[in-house]
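First chain A sits with chain B, and in the next complex the same chain sits with chain C.
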Partner chain A sequence: MNWTRYFSVPVVVVFLGLLLTGCFEENVNPLRIGAMAPPSTLTLLTGETREVTDHPGQAQVITFMASWCPCSKDSIPFIKEAYKRYNSGTESKVAFLMIGIQSPEQKFADVAGKWRVPFPVGYDDGDKIARVYGISAPPTTVFIDREGTVRRVFYGNIKDKEDDFFKWTSELL
Partner chain B sequence: MGNLDAFGHGFSSFFSIWQVCILQITPFFLAYVTGLYFTANSPRAEASLGGRVLLPALSFAPGFAVIYALLTVAGLPIGRALVYNLGTLEFIAGGYILLASLSLLLSGRFPVIGFLRRPLVLAGVSLALGSAFALVYSPCITPALSDILGMAGRPETAVRGGTLAFFYALGICLGLTVTGAALVYLLARVGVVGRHPAMARNACGLVLAFLAALNLSGTMIYYKAFFLGFLAG
Partner chain C sequence: MIRRALIPLLLVLLMPLAQGCDEMADPEVAADFTLHLFDGRTFTLSKHKGDAVVVNFFASWCIPCRAEAKALETVHQEYIEKKVNFLGIAIKDTDSEARGFVKKYGLSFPTGLDKDEKIKGSFGVYGLPTTFFINGNGLITYTHSGALTEELIKHELDKIL
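Take a look at the complex of A and B:
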């Protein structure tokens, strides 16, 4: 009996079928550059709930981080510096938000606490927001302008693009 | 950046000390090829190094690279759809990895499973396993990969970025293949392992089953947080 014919073909068909079923199970409307940032609700580490892009009339920088990722941790001091630069006066020019993904909540909270992140930090339970934002690997930084349009997404350690970061952020204002 | 550059960056990223993220898949890939090798149940198993290690490893590579590349192309609808449904896809991948682990664990008990070792079938199974591994892998973003993802994220350069990501992933797979072949070569020469192939095969099957369980139960984040987090400091 040709076991190859009877077993391998159905296995491949089932695998591909499940793959395609998974891809089109919902009406997909995730993040696209040049489009409005998708609405998502986030729970902050303080327990408060808010919309991710709840900053009308204000530019926003969102960083997605993981507790175990060396690049994520390496970029935190730079992000803190950038936050201070845009929020040193009485007026907040750019809203910053850090979102923990692919990590247990407590582990991520420990990292955020250790680094004393001075702006809102949230935890993305089940990576639901990351999925909508098209993010599968940390760290990733999303730049949103004052109208709520996604202008740029940077993948990787933003500390390595210090000059570009300030240029890109200035373009949001 | 050219395709060859991307391939080289992928290969070198595999050996970078910053790439602790690669440990999400490396131990499990090594378990797969090592387990396959020891399904031979023969004291002269090294004779099948090509068929039991290189064939599955080289078949694994395109499956891994295609899905890896598709996951990067955020500038195209297919990339966004895949990432949007990654939770479901990781579960499916976990199920497939479980089947692969069972094929190792049960191969000594059910001779009928031997058909999975036929070259063409083994290549197909390994190709699909490569796709499954790409779905459960969350890469560390090296500077080169950062540039590639930047390209892949913009609609006008998404295809070029995806192509580079494909070659980058092939580079990672070359690292996996070299490491797998070296490990099997060494293990086959360790007397106690060579004398107990069934035990080695079962241990490898259990390691692969562990990866399956992590993805089926949604607890991969704990593996990343505790194991990778510990190594990354």
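Take a look at the complex of A and C:
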């Protein structure tokens, strides 16, 4: 008797069922550590557009922030300090980018202006880029290495992880 | 005949990998704590061993927290007969604002303010909202950053009830 004929189909069905039920929504995160950072087009507050990951050969730190979020505001001094450390003189070792989410555009622009951020700041209209990056709440910081690979994602107030934040940035080099 | 058997055999061997898609590696034991609740009572985690516990960290100013409040309350009501406890822990907030949030969003499950942020520290919470699903053995089976949906809450609860 050719038993494999009867065995194959049920096994395939069971396998596919397990595969599908084992991967629920919360695990479908487009941003995976070790994967390439997804390309996205961002409109800066200056009106220009740019590709979010357009830094070939350069490490990048992208922070998603919101106007209403005290943790976003608390994180600013540390991000500015890191920018200063890795962008002194003529050499830019790490590119920094801030993306506003979950906020009305003008409110975010007003708050970003007060923060006096020395690097590009953009607004993610409709939180489209946030969805591509799997960002669910601000502040979330994405660390991307020189090869464009996502090395780390930190969700939360950088003030609570000050030493780690500088360490994570230096690890990108 | 051997060739025909290979594919199903291979799939059977790969099954454990498929099932592992949504399991946390090495679940941690949730640190015990006592929270003073807004209604005057206290909630001590270790006194709820045997039950599932959903610990939701929130703040009144947190917009995604507002978005998920209804989902939390709805599932709390739906699962009221089951062995699950919902707990809301406000952090980085004032007592009055946090109470106002609870009242505004009609949260009927226990809530309180983690004034000295000791509970926040023990759970390693850095962003809001953050929610921990703890099983009857006190293990954190799932941690969610950002707003929850009803579907997601039920999915994670059904795994541990």
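One rule holds in what follows: the second predicted complex is superposed on the first by the 144 of 173 C-alpha atoms of A that agree within 3 Å, B and C clash if a C-alpha of one lies under 4 Å from a C-alpha of the other, contacts with A are read in each partner's own complex, and residues count from 1 in each chain.
Quick note on the criterion: a contact is a pair of C-beta atoms (placed from the backbone, for glycine too) under 8 Å apart; a residue touches a chain by one contact, two chains touch by 3 or more.
Predicted model, so just to flag it, every value in this text is computed and none were measured.
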Touched partner set for A:R32, first chain B, second chain C, both or neither: first
Chain B versus chain C as contact partner of A:T169, first or second or both or neither: neither
First (chain B), second (chain C), both or neither touched by A:S75: neither
Contacts of A:Q58 with chain B and chain C, given as first, second, both or neither: neither
Partner touching more residues of chain A, whether chain B or chain C: B
Partner chain(s) touched by A:G126 [first = chain B, second = chain C, both, neither]: first
Chain B versus chain C as contact partner of A:D160, first or second or both or neither: both
Overlapping contact positions on chain A, where the chain C interface meets the chain B interface: 4, 7-8, 11-12, 15, 18-19, 22-26, 66, 68-71, 102, 135-140, 154-157, 160
Of chain A, residues touching chain B in the complex: 3-4, 7-8, 11-12, 15, 18-19, 22-26, 28, 30-33, 66-71, 73, 102-104, 107, 126-127, 131-132, 134-140, 153-157, 160
Of chain A, residues touching chain C in the complex: 2, 4-5, 7-8, 11-12, 14-15, 18-19, 22-27, 66, 68-71, 102, 135-140, 154-157, 160-161
Residues of chain B touching chain A in the complex: 18, 20-21, 71, 74-75, 77-89, 92, 96, 99, 112, 115, 118, 120-121, 124-125, 128, 131, 138-143, 145-146, 149-150, 153-155, 218, 221-222, 224-226, 228-229, 232-233
Complex interface listing, chain C residues touching chain A: 1, 4-5, 7-8, 11-12, 14-15, 18-22, 61-64, 92, 125-130, 142, 144-147, 149, 151-152, 155-156
